[in-house]
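One chain, chain A, appears in both complexes that follow, with chain B as partner in the first and chain C in the second.
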Partner chain A sequence: MSTVTGSARALNPNARGRGRQQRRAMASLAGWLLSGLAFLLLAFALLDILRTVFVRGFAALNLQLFLTPTSGIAGGLLNAIEGSVLITAGALLLAVPVGVFGGIYVSEFSREYFARAVRFIADVLVGVPSIVFGLFGYLTMVTALGWHFSLAAGCITLAMMIAPYILRTTELALRGVPGELREAGYALGASQANLVTRVLLRECAPRVLTGILLAMAISMGETAPLIYTVNWSNYYWSGHLTHEPVAYLTYVIWSFINEPFASAHALAYAAALLITLFVLAITLLARLSLSRLGVRRTS
Partner chain B sequence: MRPSDALFRVTVTAFAAMIPLVLLALFAFLLHDSWPALRFNGFDFFTHSSWNLGNQYGNPVAVRGEQVMPGASFAILFLIVGTLASSLIALLLAVPLGVGAAVFLAEAVPPRIRTYASLLVELLASVPSVVFGLWGYIVLIPFLSRHVYPHMAHWLRDVPFFGPPSGSGYGLLTAGIVLSLMCVPLIAANLREAIESTPQALREAGLAVGATRFEVVRKIILPRLRLPLIGVSTLALGRALGETMAVLMISGNALNILPENIYSPISTMASFMVSQLDSALQDPTNMAIYGIAEIGLALLLLSLLVNALARLLVPRSLST
Partner chain C sequence: MLLSLKSRLAALLLLGALLTVNAQATEVTGAGSSFVYPVLSKWSVAFNRKTGHQINYQSIGSGGGIAQIKAGTVDFGASDAPLSAEDLGKFGLGQFPVVIGGIVPVVNVEGVAAGKLRLSGPVLAEIFLGKIKTWNDPALARLNPGLKLPASAIFVVHRSDGSGTSYNFANYLGKVSPTWQKTIGFGTSVPWPVGVGGKGNEGVAAYVKQIKNSIGYVEYAYALQNKMAYTQMENAAGTFLEPSNAAFAAAAATADWAKAKDFNLIMTNAPGATAWPITATTWAIMYKTPKNAAQSKVAFAFFKWAFEHGQPEALALDYVPLPEPLVKQIEAYWQSQFKS
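Showing the complex of A and B:
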């Protein structure tokens, strides 16, 4: 009620009321300044990260990076680029069916107890640290199954990590489709399978695709689980799914920046630039196309 | 039910069932592989700070029924302290920053440019962990260790944990600062949307009784969002607890020591799992790997607990 008495005094201007009003105006101004400062600080941090990566990364770019593999701590990045693409493509190949079909189940059978349980577990799995997935991949596939550090172990590990994420984004996309569309479909005699695949999924395809794109950005930027499952290689992929480590870009950033040589640092900066550009482009595409479609998304 | 519907139902249910299976597999295999370590370490695992592979050139000895190298011991109190301390510092910084940025974006920035201004905060979420680590390593640590920490330690010399020595820049506070930047978008984005969806009538009622616009935010809008804020902060805490690469590159990777002040080097459970992998592979008895599996199991259970708590706190509309 203090605001009410405060405003009553404000309507009846005497010296004391004016002083109080001034204090409140000052406090509000200070509040706006502090919140603006918080925004500026965060924006500055983002811009400084991007400036650092772009300035150092572009200085390190040259054509050789895209034409030759690494050799020791010098050479190019082509083997790492190839590996990152392969790992991400493999992970998506495994995770997309699970995520999309699972998302259809959780959305279209949402009244079932099991559907609610799956959604809760997917939510919780999204928050499990990536290194835990990496350790799991190491203990099961790399050692117990004897695959050693390999492409298959990395792909399956990352797929386990991003499938729950794709499930949740698919579910939210399907829930955004108006119920009238379902009723109209059933009224016309469509089976549920036909309704979902021919009407609902088509209707919300942009949002499902956005979830898949963001999952792709996540797996491109991952490092820790891959250290445990894929390790590192100076060579191109030879076509073996198991028994052979593979190169990837994020490893170059982490490992080469600790070497005392300028050539290693240049490779790390170039790798950071490539990964950041890629992830940023995907995220911007996903977010801006969504806001144009009038769809809201958080985090 | 038509046969095609039954087939559809079975198919999608089978794919959905993979998700609980993933959780079950994580838990079962981590428990299985940490079993020897659980037996060997007992409860000391959580109450002492000694991670020691033992004499790698000796002959394995049997202790409590498990083969280990002589003198080996595995106890991670220092990792638990490092993990909790860095995550709490991150949260203490991220909550006010996130709330401030959300208020500014939702209430002070014109709607026309709000989408783009929000990106300046929310894109922090999509920067890969290892790039945060790189930035911390080449920009933030030199800056903090030269221009900030020495002065901080001098001016706050009588405040416990804030006094000298101000260290090398690699340590608890640096890790906390970078972790806060990594989890602030979660808080800012969710809170901004919640503020935007506050009924306009509440704002008008506040203004009508003479409150300033900031008083409307602080005394009417924000108090309504206390529970969602707690939920989303818990979610952010979960992220901070498990961050690996950035912490690995900037925390100083302390071994077996507890931080003496806020500038001291630390390790977290997640970062330690990466930094120790190579040496653990050298242990001929495999006990070091079982020990790492036990750290992984503890981290899994901790993150399950924190995330389940967060999901129960966050209302459905805010939960993604």
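Showing the complex of A and C:
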């Protein structure tokens, strides 16, 4: 922008015009400065959070974390890691089929008014605060069904949270496939089911996968719904789906930081670091899969 | 990456089978006061090593503990505030103390080290009422003749969330100051006339550490672990003393538990020459007729083990185990009130 006004200023001998150009240059500079400051403010906040988590988390990392369970306020994080993995795996197990098949149905097979209704409901659900899901899970599964604090209640609650997200990303991925491909498929004699599985899904698999990976990142970082439905356990999971609480990393972050003991704080920071690294890894993996798998298909 | 549903299900079942431990072990769940979380977890780990039973406890606050035990989703609740007799009767619950701790005022004043500042109950109440506004107030100078206190304003920090710590602290202030009793009263959340609120003991401790010339109240463990400057207090017998495990134990010993129905006794301002005036206990709340007999039995075994063998763990974490006579009273209470 400044180069344009600079060269214009050099060419224009008119003094009044020069004044206007100078004002424009000043305004442009002010705009860039303010934008830069705003960006730095946000970036500083993010970088400060990451710095605290990384510095204190790495200081608290040791081999014991991965070998022993939490014993109250000290020990390791193995039970929390195991529990987080179980809860996320269970939630994905329930949400991925519902989301993917739902997205396929809404995009390919349903009538337009039904598709619009489902899209609206999915968008609303994606925007519902996670603690409301937790309360819903508590009222229905923990108390009404009598499962008490359990892995099943936590998995189903999280699945309810991420299924609409997966449904929307699948539907958007399928809608992104050009219509010509569908016409070509039908012209070659494919049935609708064949078309969807053999042609369309193969085409947009990377984007569907990205959606699933991001849903996994979301569910790993959830605390509020799990506090209501899963309680906490200092031990490993012993195989019961109901009537037995499990541990999870985000509880360690939320609760151990409020203890007076430095060992508990160290565990909290270590758990925060692990969750951050895991979510970072998943997001990078999603990005990579989107670019690599997409490119490889066409080459 | 695109595992089929079948192989994913198989992997999960295999994982579950590999992680299954002794099926005879009973799992007991509890929830409630965050004050007792450290000691309950330590005890449950030791109990697990001895018997194989698992006690799981989630610290969601005393209010949460009461709500969960009333809803029947946990086997025991833990609360820093006792339930009233009618509440206990309505739900068929019984309660008994579990462990004892002290609440200490902490200050951040230049030149005042831990245990040097002397406060009395009425003076503390006046500070939290906002009547004593500066550190060099004559009332404070009278109690601390040898200490040089600055002329700055007192910055009061209290709890922003409902809490058993606030309950006991406000109860104590009500006992030593008629003005407090009349205007504020006590409860898990009171209308503090002055000061800012910190969330949790951790929040209050953080504020007091950061802000100069501030005063707050935290549980003893927080004051010790964060190396804060706690104060001396004048107790009901007129002695000035520093907080310590011995002082808390003395308060528990002099409190008259036998007369309190369902152990509904707040130990603040206990008589006794060496008693700390702001001592508190946490109650475990359980159903008299258990909803699940096996788990209730294990819960009682756990508490019995904790009372008889859990003293070293409690002391290591800056709690005070229950005195022997009180334990006997509790076990008699179990026999008479609980069916199991």
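Everything below uses one rule, namely that the second predicted complex is superposed on the first by the 266 of 299 C-alpha atoms of A that agree within 3 Å, B and C clash if a C-alpha of one lies under 4 Å from a C-alpha of the other, contacts with A are read in each partner's own complex, and residues count from 1 in each chain.
Please note the rule applied: a contact is a pair of C-beta atoms (placed from the backbone, for glycine too) under 8 Å apart; a residue touches a chain by one contact, two chains touch by 3 or more.
Bear in mind that the values here come from a model prediction, so they are computed numbers and not experimental data.
Engineer: With the two complexes superposed on chain A, say which partner A:232 touches: chain B (first), chain C (second), both, or neither.
Structural biologist: A:232 sits against chain C, while chain B stays out of touch.
Engineer: Using the touch definition from the top, say if A:167 reaches chain B (first), chain C (second), both or neither.
Structural biologist: first
Engineer: Considering only the touch criterion stated at the top, classify A:209 as touching first (chain B), second (chain C), both, or neither.
Structural biologist: In the superposed model, A:209 contacts chain C only, not chain B.
Engineer: Does chain B (first) or chain C (second) touch A:73, or do both, or does neither?
Structural biologist: Touch status of A:73: second partner only.
Engineer: Which chain, chain B or chain C, ends up touching more residues of chain A in the combined arrangement?
Structural biologist: If we count touched residues of chain A for both partners, the winner is B.
Engineer: Figure out whether A:257 sits in contact with chain B (first) or chain C (second), or with both, or with neither.
Structural biologist: both
Engineer: Output check: A:97 vs chain B and chain C. Expected answer is one of first, second, both, neither. What do you get?
Structural biologist: In the superposition, A:97 contacts both chain B and chain C.
Engineer: Go through the superposed model and pick first if A:248 touches only chain B, second if only chain C, both, or neither.
Structural biologist: Neither partner.
Engineer: According to the stated criteria, A:89 is in contact with first (chain B), second (chain C), both, or neither; which is it?
Structural biologist: In the superposed model, A:89 contacts chain C only, not chain B.
Engineer: Shared contact residues on chain A for chain B and chain C?
Structural biologist: Shared contact residues on chain A: 97, 227, 257.
Engineer: What residues on chain A touch chain C, complex-wise?
Structural biologist: Of all residues in chain A, those touching chain C are 70-73, 82, 86, 89-90, 93, 97, 142-143, 148-149, 205, 209, 227, 231-240, 243-245, 251, 255, 257-262, 264, 289.
Engineer: List the residues on chain B that touch chain A in their complex, please.
Structural biologist: 2, 4-5, 7-9, 11-13, 15-20, 22-23, 25-26, 29-30, 33, 96-101, 103-105, 108, 115, 117, 119-135, 137-139, 181, 184-186, 188-190, 193, 206, 209-215, 217-219, 235, 238-239, 241-245, 248-249, 270, 273-274, 277, 289, 292-293, 296, 299-300, 303-304, 306-308, 310-311, 318-320
Engineer: Name, in rising order, each residue of chain A that touches chain B in their complex.
Structural biologist: 3-4, 6-8, 10-11, 24-25, 27-29, 31-32, 34-39, 41-43, 45-49, 52-53, 56, 97-98, 101-102, 104-106, 108-109, 114-115, 117-118, 120-133, 135-136, 139-140, 160, 163-164, 167-169, 172, 191-194, 196, 217, 220-224, 227-228, 250, 253-254, 257, 268, 272, 275-276, 279-280, 283-284, 287-288, 291, 296-299
Engineer: Can you name the residues of chain C that touch chain A in the complex?
Structural biologist: Answer in residue numbers: 1-2, 5, 8-9, 12, 15-17, 19-23, 25, 27, 29, 31, 34, 37-38, 40-42, 44-45, 48, 54, 56-60, 71-74, 200-202, 205, 219, 221-222, 224-226, 317.
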